[in-house]
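Same chain, two partners: chain A is paired with chain B first, then with chain C.
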Partner chain A sequence: MQVIYQIPRNSLTWLLVAVASVLAPHLSRTPFWLGIICVACICWRIQVYRGVWAFPNKYLKFFLVFMGTVGIYLHYGTFVGPPAGVALLIMAFAYKLLEIYTKRDAYVVTVLAYFVVATEFLFNQSIPMAVYSVFSLLAITASLIGLNQSQSHRKPWRTARLSGLILAQCVPLMLVLFILVPRIGPLWSLDFDAGGDSIGLSDTMSPGDFNNLTRSTSLAFRAKFEGNTPEPNQLYWRGLILYDFDGKTWSKGSAKLGEHQRNSELVYWPGDKRSAWFSEYNQDFSKQILATGDPESLKVFRYEVTLEPSDQTWLFGLDMPLSRQKGIGLSRDFRLLAKAPIDSVFRYQAESIVGINVDLDLPPWIKARALQLPEGTNYRALALAKRWRLRAGSDRGMIAKVLSHFNTQPFVYTLRTDKLGDNIVDDFLFDTQRGFCIHYAGSFSFLMRAAGIPARVVVGYLGGELNTLGDYLLVHQFDAHAWVEVWLEGEGWVRIDPTGAVAPERIESGIEQALAAENSFLDGVMFSALKYRDIAFINNLRLSVDYINMVWHERVLGYDSDLQNEFLVRLLGEVSPRRIAMALFLSGLLVMLLVSLLLFSQRSRKKTDPITLIYLKFCEKMSKAGITRMKGEGPDAFASRIETDYMQLGDSVTKITQAFSQLVYRDQSPEAEGEKQQRSQAEKKFKKMVREFSPHKLMR
Partner chain B sequence: MISAVLAAANKVILGKDHQLRLALSCLLAQGNLLIEDLPGMGKTTLSQVLARVLGLGFNRVQFTSDLLPADIIGVSIFQKESGQFEFSPGPIFAQLILADEINRATPKTQSALLEAMEEHQVTVDGKTRPLPNPFFVIATQNPMTQMGTFPLPESQLDRFLMRINIGYPDPTAERELLLGRDRRSMLDDLEPVVTLEQLLALQAQATDVHLASSVIDYIQRLVQYTRDSGDFFTGLSPRGALALLRASQAWALIEGRDHVIPEDIQAVVPAVVEHRVRGAADHIGHGGIGLTEHMLASVEVVA
Partner chain C sequence: MPQFALWTKIKKKRAKIVSAWLDKRIPVSDRITLSHQKIFILPTQQGFNFVLVMIALFIGGVNYQNSLVLGMTFLLASLFMVSILHTFRNLSGVCFQAGHTEASFVGDFASFHVTLSREGERIYEAIQLEWRDCVPQVIDLIDETEHTARMLLPVTNRGIYNPGRIYVETRYPLGLFKAWSWVDLGVQCLVYPEPKKSVFTDINKHNFNINRDAGKIPVPEGNDDFDGLRKYKLGDPLRQIDWKAYARGRGLHTKTFVGYADETIWLDLDCVLEQGVEEGLSRLCYWVLKFSESGQNFGLRVGHEEVLPGVGRAHKIKCLEKLALFDRNKN
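So, the complex of A and B:
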C-alpha cells in the first residue's frame, strides 16, 4: 500500500489560504468555470484531509485535465499569450492540490503559488494589488514554514508571525535589487490584454457618442508641466482629427480619397530625415520665430503625460505639439502618435508652442478632405451656409456669423439631448437646438465646409483638474471634448470652439459648471469620490490618493532603464557593468551584514564561552571531514559515535571530548593558586589539541 | 555501592536496566515515581525489588474505587482497656509505599496520598504525625484509555518527579524469565545492599553534583523550547525545570560522575518531561509522548 504523506494541518491551513488568495484576483479575468474548478479543488482537498473523500484516480484526473485544456482553448482560441497561458497555469495549479502525495508535491505547490503571484502583475500593477500580493506572499511563506514544522504544531499565528519576520528581512535586499539590477528590455514581446474594455475616445463621432464618456469618472491621463501651467481655456488636448462626414458620423478617413489618405497617414518619427512635410513644418517654425524677432514671445510649454491604457495609438498634446522621445511620431495633422496601441500606462514628454501657425500653404489633398461633404443630405443647412457666406463677405465674417447664431438663438448646452432624425445637422440647427460639444462641433464644421472653408473636427480633452499636491493635472474621461479647426488664408489652421459660444463656462471652468443648471453632471454615477468633491475632506482624500498613485507610477512602475541610468549616474558617477556589479555586491553585502547583525544581537545576548567556541571549531573540522554532530547530540554521544564508526579518529576525539567535558562541565571553583594554574594549562592543552587535530590526516 | 544495587536488582528484573536506573535516580533525587504500563509488566515487582535492595520498609496499597483516605492514613480506635482513642497507623507509615493502580481510586483518596507525598506528614484528628524518612511513593497506573479510571489531574501529575513505562521485555530477557525461577521467591532471597544511612548519604550527595553554567543553559533552552516551539499545548513550569535539574543530578551520580553532562539531561528528559506537558494536538491528555524525542533533536546541546 502506498503511504500518503499528510501535510501538517497548520501548513495545510496556510496553504489553502495562500492558494485561495493567489487565485482570487485571477478569477475575475478567467472564464467562470475555471473559478468553479478552483473552488472545487480546494473543497476536495479539505475533504481528503478530513479523510472523507479519496484522491481522484488517474482516469478521472486525465479526464479533468483534458476537459480543462480543451475548455481553455475554446475560450481563448489559443494557448499563446499571457491570458491563455495564465489560465492554463491556474488550472494546473488548482489540480495539483489533488495530487499532493509526498512532501515534495507540497513544495511544488508552494513554489507554484509564488509564481502565480508574479503572473498577476502581468495584468494589474496597482498599489492595492501590490499590497494584496504581499499578503499572499505572507500566506505562502507561512505554508512553506508549516511544511517544515512538526505534525502537532497547532499555532498558525505563530507561523504567520515567523513568515512576516522572514519577509521583513527580505525588504532591504529587495530594495537593493530593485534599484541596482540592470533593467533589460524584454527579450520577447507579449500581447497584453489589459482585460475588460478600456474606456476612452473612439475614432468616430456621432451624436449619442460621448454619453458614456461624460458619465465616466475614470482617469484619461495625468499631465505635469515644467514651469507654469497654461490657463484652463488653453488646455485643448488634441487627440484625433476627423475629416470625413457621411451625414451621420464623423470619422478619421474613408477609402474614397485613395492615395491621399495614405499620405495623410504620413507620420514623422524622430530621426527620420526623409519626411518632406516635416522639414517644411520645421522651416515654418523657424520662419515664424524669425518673423516675430523675439523667440521668447512664443510660449513654449514642456510637459510630461502619463497616459492610462487606451488601446489606441494616439497620444494627447496641446497645439502644436512635438516630442523628441524615441518611438513617438508626429502625424501630418500635427498629432502625437505611438507606434503600438497603448495597453499599459505610458509616459511621454512633449512640448507645445502656442501661437504658431501651421500649414500656411495647405496641400490640395488635405484641402479636398477638409471640404468633403456628403451628398444629398442636410439641404437646409447647406443653403443657409451659402446664403450666410455671401452675406458675410469673408471667411472670418462667416465664422463670426455662425458663432453669433449659436449665441443669440435659443441653443442649449445639455447632456439630455433629443433624438435626431436622418438629417442630423438640419434637425439640430433648426429643430431641437439642444446638444453638447459634438453637436456644435459637427454642425459648425458642416456649415464651414458648406461655405467653402476647409474645416475639421478635433476630438480630445479640454481642461483638467489641478492636483496641488504634486502640482499636476488630472484629465478625466468626462473632460472629453470636440472642437473645430478651420483653415484660413494666411493664418493656417485656427482653432474654433463653437461650444464656447453656447456655454462659455464649459471652456473656462469645466463641464461641471456648464451643467450646473440642469445638474446632470455625473448623472447616474453612484459611487465615485468625484461626485462628492464638494465635501472638502473627501476631495482632499481623493487628490491625495491620486498623488500617491502618480508617484507609484512614476517612481516604481516607471523605473525603467532610462530612469535607472539617470539615477545610477547620480549615484555612481559613471555607469559601467563593473561599477554596477560592485555596487550590487557591496550593498548586498551591507544589507546582509546589517540583517545578520540584527539577528545576531538578538540571539547572542549571552556570550558563548571561549572553551565552547573552541569545541565548536572542532565540530566544524569534523563536519568538513563529513562527520557532523547533530543538533541534539551531546559531546559524549558524538564521541562515542565516532569511536564506533571511525576507529582511526576515536582516540584523539575521545581525548578532546574528555578535555572539553572536564573544562566545561566539572566544578571549576579554583580555590588555590595552583588549581588556577592547572586550569589555564588544561585550557591551553585543549586549544592545542583542537588546533592540531586534523581528521583528514587521521582518516588516511 | 550504586552499581551493587543495580546489579542485585538486575538479577530479578531482566533486561530493564534503563528503567531501573531511572527509578533509582528518582529515589536518589527524593522524588516520587509514577509507573504507567499495562497490567503484568512488572510494575509491582520493580517497586518491591527496589524496597528490598535498598532495605526500606515496604507497604503496598491496592487502590480501588471504594478506597477511603482513612484506609491509607489510619484511624483512631477507641481502646476498651485504656479507655482512650489510640491511633492505628495506616499503610502510609512506611518508607516506601507502593500505590498500586492509583488511578482506580476516587480523587478524594488520591489527594490524601498526594498531600502526604508533598508534606511528608499526615494530620489525623488534629494531630500531625511525621512520616518515616526517607519516604517514597511509587505509584502505578494503568494507561488512561483503560476502563474505570480516574485520571490524575495535571497538578497532581506534576508531584511525581518521573513517569516511566516499563515496556515489553526483549525476547532474550523474556526467555530467561520463562525458564528462570519464580520471581516472587527470588524477591525473598534479595538482601539489602545499602544501609539507611548510606542511602541518606547518597541522597545528600546527589544534590551536590555539580551543574556547570552551560548545563543550566541547556536546561533553559529545553524549557524555552517547550514554551516557544508550538509543539506543546502548555510549556514546562519552573517546577518542571527544577525536577529536570534534580533528576539529571541523580542520574549523573548513578553514572559515577560528580558533574552533570548534557547526556545526563537527555537520559532523564522523557521520564521527567512527558507527563508534565501536553502535545499541542493532544486534547485528551496523553502527555507529550514522543514529542520530547523531537525536542531533544531540535535543541542545540553545545552553544
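So, the complex of A and C:
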C-alpha cells in the first residue's frame, strides 16, 4: 500500500473552492449528469480528507471513467471539438480529485484548473465572466501556494491574500504581453460554433414571423459612423432580399442568389477579377459620380459594424454598400456577405454612397424573379392591382396609389394582428387591415408585381438607438423591419417603405413610438432595462453598461492583428519585428524591475511599539528644551545625565524612565485578566506622566 | 568492470570540482547570509508542466482567435516570471548561524543546531533544510524573527564528524521554481565508539589491569563506604538518595560514599585487541560509561596515550574523547 500524500488543509480548502468555481460556469452547458458527477467528486474528496471514506478502488474508477466517456459520446456524438472536448476535460478533472495520492497529483489538478478556466472563454467572453474568472484564478493560485506552504500553516485567508498579491503583481507584465506580443492568425483552421441560441432574422418571411423578434431586447449589432450619424429615417440596414412568394411565405428563392454559392456571377469577393457584373457596376458607379460633377458632394457614409453572432452569413449595410475588407463579399443584389456563418462577434467596415442608382439595366433573369407571382391565389388583390395600374398610367403613379390607399383606408399598424387565411394578401388588404411591416411590405410587393413592376422584399433593421457616450448606434432585434425595393425604368432600384404610409412614427422615431397608442412595445417581456427607457437614470445606466461592453468587445476581445498594428503604429511610430522585440524586451524588463523593487525593497521600518512611541515623545520634549538624547544613549543613562546636569528635572525624569522600563521589560508571557488591567492602567499613567511633563515649567 | 570504475572515477572527480567551486563561491563560515551569488534557481518539473499548459493555451487562443484565452496565457506567463522573483526572494537575505552541537555515539544521532533568522519585515516561508540523512525540516519565519532547527544526523563512524554542506531549498510560493543553496557552517562534532556490552569477567580474564588492593586515601564521590548525607542536587544517582529520610519528610538527601584512591581499574585497549581495534574501543567505551555511572575510579590506556585514573563527568568526557580520536596508525 502506497503512502498517500495528504494535501495541506489550507491547500485542499482552496483547491475545492477553485474546482467548484472553475466547474460551475461549464455545468450550464454540459449534460446535467456531469454536474452530479462533479458535485459527488467534491463531496467524496472532502469525506476522504475527513477520513470518513476511502479513495475509490481502481475497478470503480475504471467503471466511472468508462461510463462517463460513453455518456459524453452519446450526448455529443463526437469527441472532437470544444464542447465535447471540454466536457471530457471536466470529467477527467473531477475524477482526478479522487486520485490525488502524491503531491505531484495535486499539482496536476491545480495546473489543469488554470486550463479549465481558460476553456470557459471559448463559450463566454463577457465582462462578468472575465471578472468571475479572476476569482477562480485567485482560488487556484491560493491552492498552489498552499501546496508549497509548510504543513503547519493554517491560515487560509493569509494564503488567499498572498495569492491576490502575486496575481496583482502579474497584471502589469500581462498587459505588456497582451499589447505587444504579435497576434498571429490561426495555425490551422478550426470551425467551431460556440453554440447558444442566436436569434435574428430568418431567411423566410411569413405573417407572424416577426412576433418573436419584436419582443426580443437582445442586440443585433452596433454601428459607429465616421462623422455624423445619419438621420433615423436613413438607417435602412439591408440584410437579405426575398424574391419568391408562394402565396403565404416570402423566401430568398431557390439557390439562384444563394448565400453559400461562391459563384463569382452572384457574389463578388474583393480581389476577384472575373466578376463581370461587378466591373459593370463599378463603371456605372464611376459614370454616375462623374455625372454629378463634384464627387465631393456625394454623400458617403463610412461605418463600422460589430455584429453579434447570428449564425447567418449576411451582414448589414445601408444602401448601397461596399466593403474593402477581406473576406466580405458583395452579392448581386448589393448586400454584404461573410464567407462563413457569423458564430462569434464580428466586426467589419463598410461604406455606403447615398443616391447612387443601381441596376439601371436590369438583367432579364433578375427581372423575371422580381415579377414572379404564385398562381391561383389572392385573386382580389391581383384584379385590384391590374385595375389600379391601368388607372394610374405610370409606375410612379401606381406606387402613389397603393401608398395613399394604405394611408387613407383604415389600416392599423399593430403587433396584435389577426390570423390570416390562405390568401394572405387578400385577407389582409380587404378584411383585417391590421398588421405590421411584413404585412405591408409583403402585400405592397405583391401589388407591385401584379401591376408588372419588378419588386422585392428587403428584410433588415430600421433605425437604432444612439448611445451618446461612445457616439454609436445600438440596433436591437426589435428594430427588425421589412420594406420593399421596386425597379423603375431609368432609376434602377428604389426603396419604398409602405409602413411609412400607415405609421410614419415607425420610420421617424422607431417602433416604440409607433406602438405607443396600443402600448404593446415589448409586451410580455418581464425584465429589461429597455422597457424603462423613459426613466432617465435606468436608461443612462443601461447605455453606460452597453458602452463599457462595446469598448470591451472592440478593444479587448477584438484586439487582433489589425487593431494591434494600428495601435502599435501610434505607439512606436513604425512597426517592425525589431522594434516590437525591443519594446517587448524593454517594457517587460521595466515592469519586472518594478515588481522586484517592490519585493526586495527592505521594508525595515519596524512597527514601533506604542510605549516606545510615548517615550520618544518625552525625548522630543526634552530636545525642545535643549537636552537631546545622544545616539546609543539608553533611557537610564539619559536619565542619570539629566539628573546630574539639571537638578530640577531629576525627579520627574527618573519617574518617567522607571515607568517606561517597567512597561517595556515586563514579563512577556501571557497574562491573566487581572494583570492585563494592571498593565493597561500603568500604561495610562505613563502616558499621562509624559503628557503633563513640561521641562520648561520645571526649569524655570 | 573497468568502464564502471572509470565512470565512478569521473563522478568522483566531478564531485571534487563542484565542491571546490562551491568552497570558493560559498565559503565556510559559521554565519552565512544568503545573497544572490549564493542562490541558484531553476524551474521544477511542475514549472515545465505549467509551461506546457501555457503553450497549449496559446495555441488554443491563436487558433480560436480568442483574446481572453490569450490574455489568460499571458497572465500565466507573468505568473511564471513573477514567481521567479518570489522564490528567489524567499531565500535571499536569510541568515544561517551555527548553534551548539552535541557529541554522540556511533549508531546514534549527532545533534546540530542551526538558527535561521531574518531582518526587517521580510517574511520567509517553507524553507526546507536537508542535511545528509537527517529528516528534512521545513522552516517558516513568519511571526518569529528567528528559528532554531535541531538537526539529528545519524553517525556511523568514530572520530570527528563533519557533515558538510546543508542543502537549503525553497519552492515557495508556487512550486514552479526551486531556489537552492549549499550552506556550510563549518560545524563538526565528536563521535564516540558505539558502546558494546561485554561481561566484565570476560574482560578480566583477558588480563584487564585491575588493582583491587584497598587503598588508604579516601576519595569523595566514590562508592565504597558511606560517608554522610548532603542536600540533593539535580543529577545525583537515584539509588544514592536517602529514601528513608525522604519518607520521613526530611526532604531529599543524597548519601555520599567515599572511594579509595588505590582501588583503581585500568581499562587498557591492548587487553581487548583480539576482536579488532574498533570492537575493543567499543567495549572500552561501554565500561567507561558504566564506571562513570557508578562512580568507579578508573584509568584508561589506549595505545601510548593514557588518562590517569579519576572519576566524574570531566574525566568521562576526556576518556570518551581519547576513544573517539584514537588513531591506530599514529600509535
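Some points to look at:
What we mean here is this: the second predicted complex is superposed on the first by the 589 of 700 C-alpha atoms of A that agree within 3 Å, B and C clash if a C-alpha of one lies under 4 Å from a C-alpha of the other, contacts with A are read in each partner's own complex, and residues count from 1 in each chain.
The rule is short, and it goes like this: a residue touches a chain if its C-beta (ideal position, glycine included) is under 8 Å from a C-beta of that chain, and two chains touch if they have at least 3 such contacts.
The structure displayed is predicted, hence computed values, not measured ones.
Contacts of A:S544 after superposition: neither chain B nor chain C is touched. Using the contact criterion defined above for the overlaid structures, shared-chain residue A:V595 touches chain C, although it does not reach chain B. In the superposition on chain A, A:M630 makes contact with chain B only, not with chain C. Contact comparison for chain A: of chain B and chain C, C touches the greater number of residues. Once the two complexes are overlaid on the shared chain, A:Y665 sits against chain B while remaining clear of chain C. In the superposition on chain A, A:T612 makes contact with chain B only, not with chain C.
In the overlay built on the shared chain, the residue A:D560 is in contact with chain C alone; chain B does not reach it.
Shared contact residues of chain A with chain B and chain C: 149-153, 606. Within the complex, the chain C residues that touch chain A are 45-46, 49-50, 53, 56-57, 59-79, 81-83, 85-86, 89, 92, 119-122, 125-126, 138-140, 171-175.
Touching chain A in their complex are the following residues of chain B: 210, 212-215, 217, 229-231, 233, 258-263, 266, 279-282, 291, 294, 296-303.
Chain A contributes residues 9, 149-155, 158-159, 606, 608-609, 612, 615-616, 619, 629-637, 661, 664-668 to its touches with chain B in the complex.
Contacts from chain A toward chain C in the complex involve residues 82, 104, 107-108, 111-112, 114-115, 117-119, 121-122, 125, 130, 133, 137, 141, 144-145, 147-153, 162, 166-167, 169-174, 177-178, 181, 183-188, 190, 192, 556-560, 592, 595-596, 599-600, 602-606.
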